[in-house]
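These notes open a run of structures that come right after.
Two complexes, one shared chain (chain A), two partners (chain B, chain C).
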Partner chain A sequence: MYEIIAENFTPVLFRNDPFFWETGLKTAEYNGRRELSAGGFLMLNREHLYREKHPESFLEYIMADRHALHLAYGPFCDYDHHCFPFSNLLKLGLSGILARLREGRRKNTCPDRDDFYTAAEKGLNSVQKIILKFAQAAEQRKNATEDPADRTHWERIEQTALKLSQDPPGTFFEGLASLRFFYEIGNIMDGIGMSVLGSPDRQLIRLYRADLQAGRLTREEAYDLICRFMLQVDCKLDSSRPLDKQYNAGEQGDTLILGGLDEAGNPVDNELTEMFLRAHEELQLIYPKIQFRTSRRTPAELFHLVARPYLAGRNVIGLLNDEVLIPALLKNGKTPHDASGYVAGGCWEVIAEGTEHSEGANCYFSLGRAMDLTIHHDPELLKELGLDFKQPDSASSFQEFLDCCMDNVKTALKKMLETIAECGSVWPEVNPCPFFSACLDTCAETGLDYTQGGAKYSPHSVPLTGFAIWIDSLESVRKICFENREASLQEMLTAVRNNWKGFEQLRKKVLSLPHWGGGNPAVRELAGEILRELHQFITSFRNERGGPFQCGLYSYSDIVFWAKQTRATPDGRKDGDFLAQGITPSRMHHDSITSVLKDAASLPLEDFPANSVLNLNLSRNGLTEDALVALLRCWTEIKASGMLQLNCISREELEDADRNPGSHEGLIVRLYGYSARYVTLDADRRREFKERNLF
Partner chain B sequence: MIFDIIKGSVHDGPGIRTTVFLKGCPLRCIWCHNPESQHFEKELLWIPDNCILCGACIHTCPRACHTISDGHHQFRRDNCIRCGRCAEVCPEKALRISGRKMSIQEILDVVLEDRLFYEISGGGLTLSGGEPLAQVDFAEALLKAAHHQGIHTCIETCGYAEESVLERLAPLTDLWLFDFKADFASYPSLTGKPADIIFANLRKLAEKKSRIILRCPFVPGRNDMSVCRKELSDLVWELRESIQHVEVEPYNPLGEVKYAQLGRKCLMTAEKPSDAQTARWIALLREVLPCEVISG
Partner chain C sequence: MKMNLAEWMFFDTWKFLNLMQNGIQICNLGSSPGKFGFDYAGQKLHGANLASSPQSLAMDFKILRRYREFLSENAFVLIPLCPFSCIRTPYREPSHYWKYYPVLPPQEIPFYSEETHREICRFLSSLDDGHTEYPSDPLLAFDGTPGENEMKQSAQQLISGWKREFSMQDFSEKFSEDNLSAFRETAKLLHSLLDYCRNEHLRPALVLMPASHYFQDVFTPEFRRKYIDHFLEEACSGNTPVLDYWDHPDFHSDDCFLNALMLNKKGRKLLTEHVLADLAVKYPDPYHAQQEELRTYYKTISVRNTPLPFNPLKKQMTDFIEKNPALSPM
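Moving on, here comes the complex of A and B:
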């Protein structure tokens, strides 16, 4: 496949784009979907193996997706949200990667690994051939013109392509060209989605400074290159179309990571960080998605640069918290070097760049639905899911009720994790990725594809959602039925099973109880205990590649669509009410931002290296830049979550945007790991967004 | 008597703050968006749209103020003693009491819960209202207690009080959020009180070298005339050593519906100024003021 791609593709170059990347082998809107790039051929033709090898497990697993218990994207392995191992390429170049592979082959004594080495080498050779064809195309364009500016343009592409076909980049321009090209080629060759465009401030600063010192580059030229680098990513997408007319509802990968700490704990932010942020703001881009890594050492001026777009109605930046994520990665076995180089994939999926693919977005698990299935006796549905749930009706103490709920959620998790481990082990037969694997650390030494566990780390993330429902429901039963004895458990179950109809007073009592986000110590304690127990349980399993399952707390737009299938729950939620994202509190309570942050910070987030996401919508009315920066600092320093999805909005503006969409084209909101123009959202998403708590 | 405490506020002074709203105000600004803050006693808000006709209020009211007939909930406010029992049982918050008594220690306990946030963000305690100067004993005790704990303090005020009140509170207040509501001559008709005491108090604070942020409601057609701009400019130039910056606060029509909920007559209705209108007014002020003007 690699050779056919390299032989038959046609390089496309643009007169005003200094970079080379267009092969015609994937759609602009590709986001990892196999049918949208040449490399997806293999998966398209072999994914039937999943079904054929384990038909019963396959069916039950897919049913769990249809019934909103957990996602089945992939279905067992996440073929998307990757990060190409840029740092290895930038250090070794293709020839170095090739040499490393050959050295691994020479030392490897297992004959069954020859296929991997052969395929990986063919992959690397094919990519070299592809780059050389770009060089050739640029040379032809150069020779066809007499215009000096044109000749300079084509010659730069030609020379850069020649260089990168062998060596690592030696200039800032070549560095940017590497990120752009390998992002694209990673997507094409193996048919798996590369979401990350790199960490350019961290990875290219040395080249940038060397260029300045040698007089090869000015700051203005660098800024122009940065603008062109990012502009192309944004303009390929028509984000002004209604969401249902856009591929994948307008959500793409294309993530750029900025800022953060190095392995010694020093900030890496530099003049490039500032230039990327300024360019993103000046060009009013949505993509690439900026994921900005904060720490207690982030300088004030960078916080201000990050804050400004929010106050202009452009909620386009994701915030990652090094104070939470680096300790979590370290605790879960990463080296300081690997932990500090982390990136977030498409939306939030934390990946130790260059050393792993974390599989962070294919099996979101709904604690909300697990509570629903525990409360609402539904043997037919449980049978379809292959689950044997206990009924809580006979619990005579809160502990018995809690045990019942926890046993049920563990039953569902166990089934999901064992199915992933069993059925996901077919992944290497479905879609091996030798080229990508060769670029990751340790696959060359082990002689194993990453899909076989050949990479340095092989985690599979298990993101939990509906956390607030789970905690508030337990607290509600504890208080109402066993502490205050204001209703029997049977009455409570009946009320919930009737969607609270005829039980309005009881629901009012429930809604006035201590709850998650309300700053209550007992609720915090319960939440912490439950997370510790779930973490212990989930990490006791091994995944399809022999690696660990690691925990996360986030979910995608499932909070909209799963909600429709999730029936009433003891926290006072009614049938179909939206779920809350990650560790965000329920929409039914309006607490202070400080109690929400403190509750979040009380959780054992170091056990959730896959990420822990908190949503906050702030009122933009009267919000100053200083105040927003103060809030971002607090979120960072008290370690309130691994990621913050922040919106600064005005309720009146949203309402006016509903009435007069043409006047609010520039209003961009942060949704589910990505940002989109508010006026392009469908009715469900608008309602979900507007119903979020506004602080 | 307070009517609310908002923790985690980022709109009432620097950093992250806890804002304590004291109930009762001597002014009656026609654009007031918190009419439930005006009276010094408890009040009941009645929101018929939220009512689900469950009848819980009927059974708990000691004065038979609530009845349901022909699918409609009738409320006899003239008979209500504002005991709040109906609000306690209302499942949909169609009935709500505004106003509660709290001790200094109870409030301080709430304020201290967020000490960490004040330390990181440079925030603290803000007294707002209503009008904090109207409960001077309470305000003084609370500010003193906060200062004793090393917490930064702000007062948001309309400025209408006796001079002795300011004498007592100024040493305990790190920052004043002082309203400039209109031009001198329009104060009585727009706020119900004359401006002379208010502006005299502002000058006294400046004499004491207090730090002041001027907060200017922006109500198009009411206080955006050239005379208002001129007087504001003169005042800021005169007191520029004390005034840190000026915040423009666009009219918020949210208060209009609350008048009906309180059974009172709304004094003014208007649209919220558009962002462009506000930006234009800010630009005009920036032309003449010697300090930063921001949207507040």
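Moving on, here comes the complex of A and C:
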């Protein structure tokens, strides 16, 4: 497949873009799907192996997706949300990667690994051939023009391609060209989705400074290159079209990571960080998604640069908290070097760049739906899902009720995790990725594809969603039925099963109870205990690659669409009410931002290295830049989540945007790991967004 | 002090208080022709109309400085030029400045008085009956066209008003001492305003506003040379783009106007579109060509135009597998 791609593609070069990357072998809108690129051929033709591995398990697993219990994207393995191992390429170049592979082969004594080495070498050779074809195409264009500016343009591409076909980049321009090229080629060759465009401030600062010192580049030229680098990403989509008419509802991946700490705990942000942020703002871009890594050492000026777009109605930056994520990665076995180099693939999927694929977004598990299935007696549905849930009706104490709920959720999790491990084990036969694996650390030494567990780390993330429903439901049963005895458990269950119809007074009582986000110590304690227990349970399983399952707290647009299938729950939620994102409190309570942050900070988030997401919608009315910066700093320092999805909006503006969309095309809101123009949102998404708590 | 305050006096105040948001990419200053000249709704750039009727250039400058923080880097600042902009002096009536009390700091408000300030605050609080939308000038919503007689009449009224305001019998007569002094002062002020824009990384443009054909006997080429061209030579030495709609054919028709000088809804939209198109030429976007080229290309490989599964090399791959039975069955 590699050789066919290299042989048959035609390089596409642009007169007005200084970089080269386009092979014409992938559709514009998205990267991570097998049906969108030439490299997806293998997976498209072999994914039946997943089904055939265990047809009954396959069916039940898919049903769990249909019935909003957990996602089945892949279905068992996440072929999307990767980060190309840029730092290895930037350090070694293709020839260095090839040499490392050959060295690994020389040392490896297992004959069954030969296929991997052969395929990986063919992959690397093919990529070299692809780059050389770009060089040739640029040379031809150069020779065909008399225009001096044109000649310079084509010659730069030609020379850069020649260089990168062998060596690591030696200049800032070549560094940017590497990020662009390898990001695209990673998508093409193996048919897997690359979501990260790199951490350019961290990875290219040495090249930038060397260029400045040698007089090869000015700051203005670097800024211009940065603008042109990012502009390409934003051109793929027409963001003015209605979101539900856009492919993947306008989500195209493509993230760029800025800021953060190095392995010694020093901030890596530098003049490039500032330039990328400024360029993103000046060009009014939505893509690439900027994921800005904060820490207690992030300088105030950078916090201000990050805050400004929010106050301008451009909610386009994701915030990652190094104070939470680095300790979580370290606790879960990463080295300081690998942990500090983390990125967030796509929306929030934390990846130790260069060393792993973390399978961050293919099996979101809904605690909300698990609570629904526990409460609502539905043997038909449980049978379809292959689950045997205990009934909570006979619980005579809160502990018994809690045990019943926890047993059920563990039953569902166990089924999901074991199915992934069993059925996902055919991944290497479905879609081995030797080129990508060769670029990752340790696959060259082990002689194993990363789908076989050959990479340095092989985690599979298990992101939990519906956290607030789970905690608040348990708390309301504890208070109402066993502590205050305001209603029996049977009455409570009947009320919930009737979607609270005829039990409005009881629901009122439930809504006035202590809850997640309300700053209540008992609720915090319960939440912490439950997360510890779930973490312990989930991490006791091994995944399809022999690696660990690791926990996360987030989901995607499921908070909108799964909600429709999730029936009423004991927290007072009614049939179909929207779910809350990650560790965000329920929409039914209006708490202070302080209590929400304090509650969030009390969680054992170091056990959730896959990420823990908190949504905050702040009212822009009267919100100053200083106040926003103070809030960001506070969120960072008290470690209130691994990621913050922030929106600064005003109710009046949203209402005016509904009435006069033409006047609000510039209003961009953060949805579920990505941003979109508010006026392009369909009715469901608008409603979900507007129903979020506004602080 | 007894003040006769009325809601309409504050029509222009609300937009400053209510509609200001960060990230404004284009704004305009100006008096009534500016206020009725631009409408950014539905345009690609996020815009704000900072004009107020009436508003002198001096107040334009203060408003711009006050609201600079809401403008994005490289925002466009449109400065409308009307027939008598060059000799218009600041207003001498304190009540003219009442509308700025909630908007500008005291030191920026001519004839400022604390008592007046208190009175205005009391009055505005009394209006606050919980409604979320503040009243705007009803004329802004007017999208009809006045009849010919009304247009003629309004032209005559404006001409008489200008003659009174500038103490002139005939616009072709030599400038009086007062008018000449005003001309020089205004040119100096405009010069400072343009310098300010450049220092603040804003992109200014002067806009010669369209006028209806009912002024054709007054706004002759000689008039234009004297009141516009000479003024621009004095004020901006040619380094600021001038967008000229003085005699633009698209505004020859009455159906763009609210009265002989001000644009109605349709005219406002039309002028704004013209201005945005012309700004793109005057201030070329260095990334426009790249954007256009890439967008055009990406359309061709968009999922919308591409049958899925998308694989241009499917045939070659299938052939290869057929020739290598060890790889089958898939």
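In this text, the second predicted complex is superposed on the first by the 695 of 695 C-alpha atoms of A that agree within 3 Å, B and C clash if a C-alpha of one lies under 4 Å from a C-alpha of the other, contacts with A are read in each partner's own complex, and residues count from 1 in each chain.
As a working rule, a contact is a pair of C-beta atoms (placed from the backbone, for glycine too) under 8 Å apart; a residue touches a chain by one contact, two chains touch by 3 or more.
Keep in mind that this is a model prediction, so the values were computed, not measured.
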*Does the chain A-based superposition show chain B and chain C clashing or fitting?*
clash
*If you stack the two complexes on chain A, which partner ends up touching A:Glu504: first (chain B), second (chain C), both, or neither?*
first
*Report for A:Glu652: first if it touches chain B alone, second if chain C alone, otherwise both or neither.*
both
*First (chain B), second (chain C), both or neither: which does A:Thr594 touch?*
first
*asked:* I'd like to know which partner A:Lys26 touches here: chain B for first, chain C for second, both or neither.
replied: second
*Which holds for A:Glu35: it touches chain B only (first), chain C only (second), both, or neither?*
second
*Using the superposition on chain A described above, determine whether A:Leu623 touches chain B (first), chain C (second), both, or neither.*
first
*Check whether chain B or chain C contacts more residues of chain A in the superposed model.*
C
*In the overlay, answer first, second, both or neither for which of chain B and chain C A:Arg15 touches.*
second
*Clash-bearing segment of chain C, relative to chain B, as chosen among 109-117, 199-207 or 307-315*: 109-117
*Across the two complexes, find the residues of chain A that touch chain B and also touch chain C.*
652-653
*Taking the complex as given, what residues does chain A use to touch chain B?*
504-505, 507-508, 519, 592-598, 618-619, 621-624, 626-628, 630-631, 633-634, 637-638, 652-653, 695
*Hey, which residues of chain B end up touching chain A in the complex?*
6-8, 10-11, 14-16, 52, 54, 56, 89-92, 113-114, 116-117, 120-123, 247, 249-250, 252, 272, 275, 294-296
*Using the touch definition up top, name the residues of chain C that touch chain A in the complex.*
21-23, 25, 40-42, 44-46, 72-74, 132, 286-287, 289-295, 297-299, 301-304, 306, 308-314, 316-317, 320, 330
*Contacting residues of chain A [partner chain C, same complex]*: 1, 4-5, 8-9, 12, 14-17, 22, 24-30, 34-38, 40-41, 44-46, 224, 227-228, 231-232, 235-236, 238, 247, 278, 281-284, 308-309, 311-314, 620, 652-653, 655, 660, 662-663, 665-666
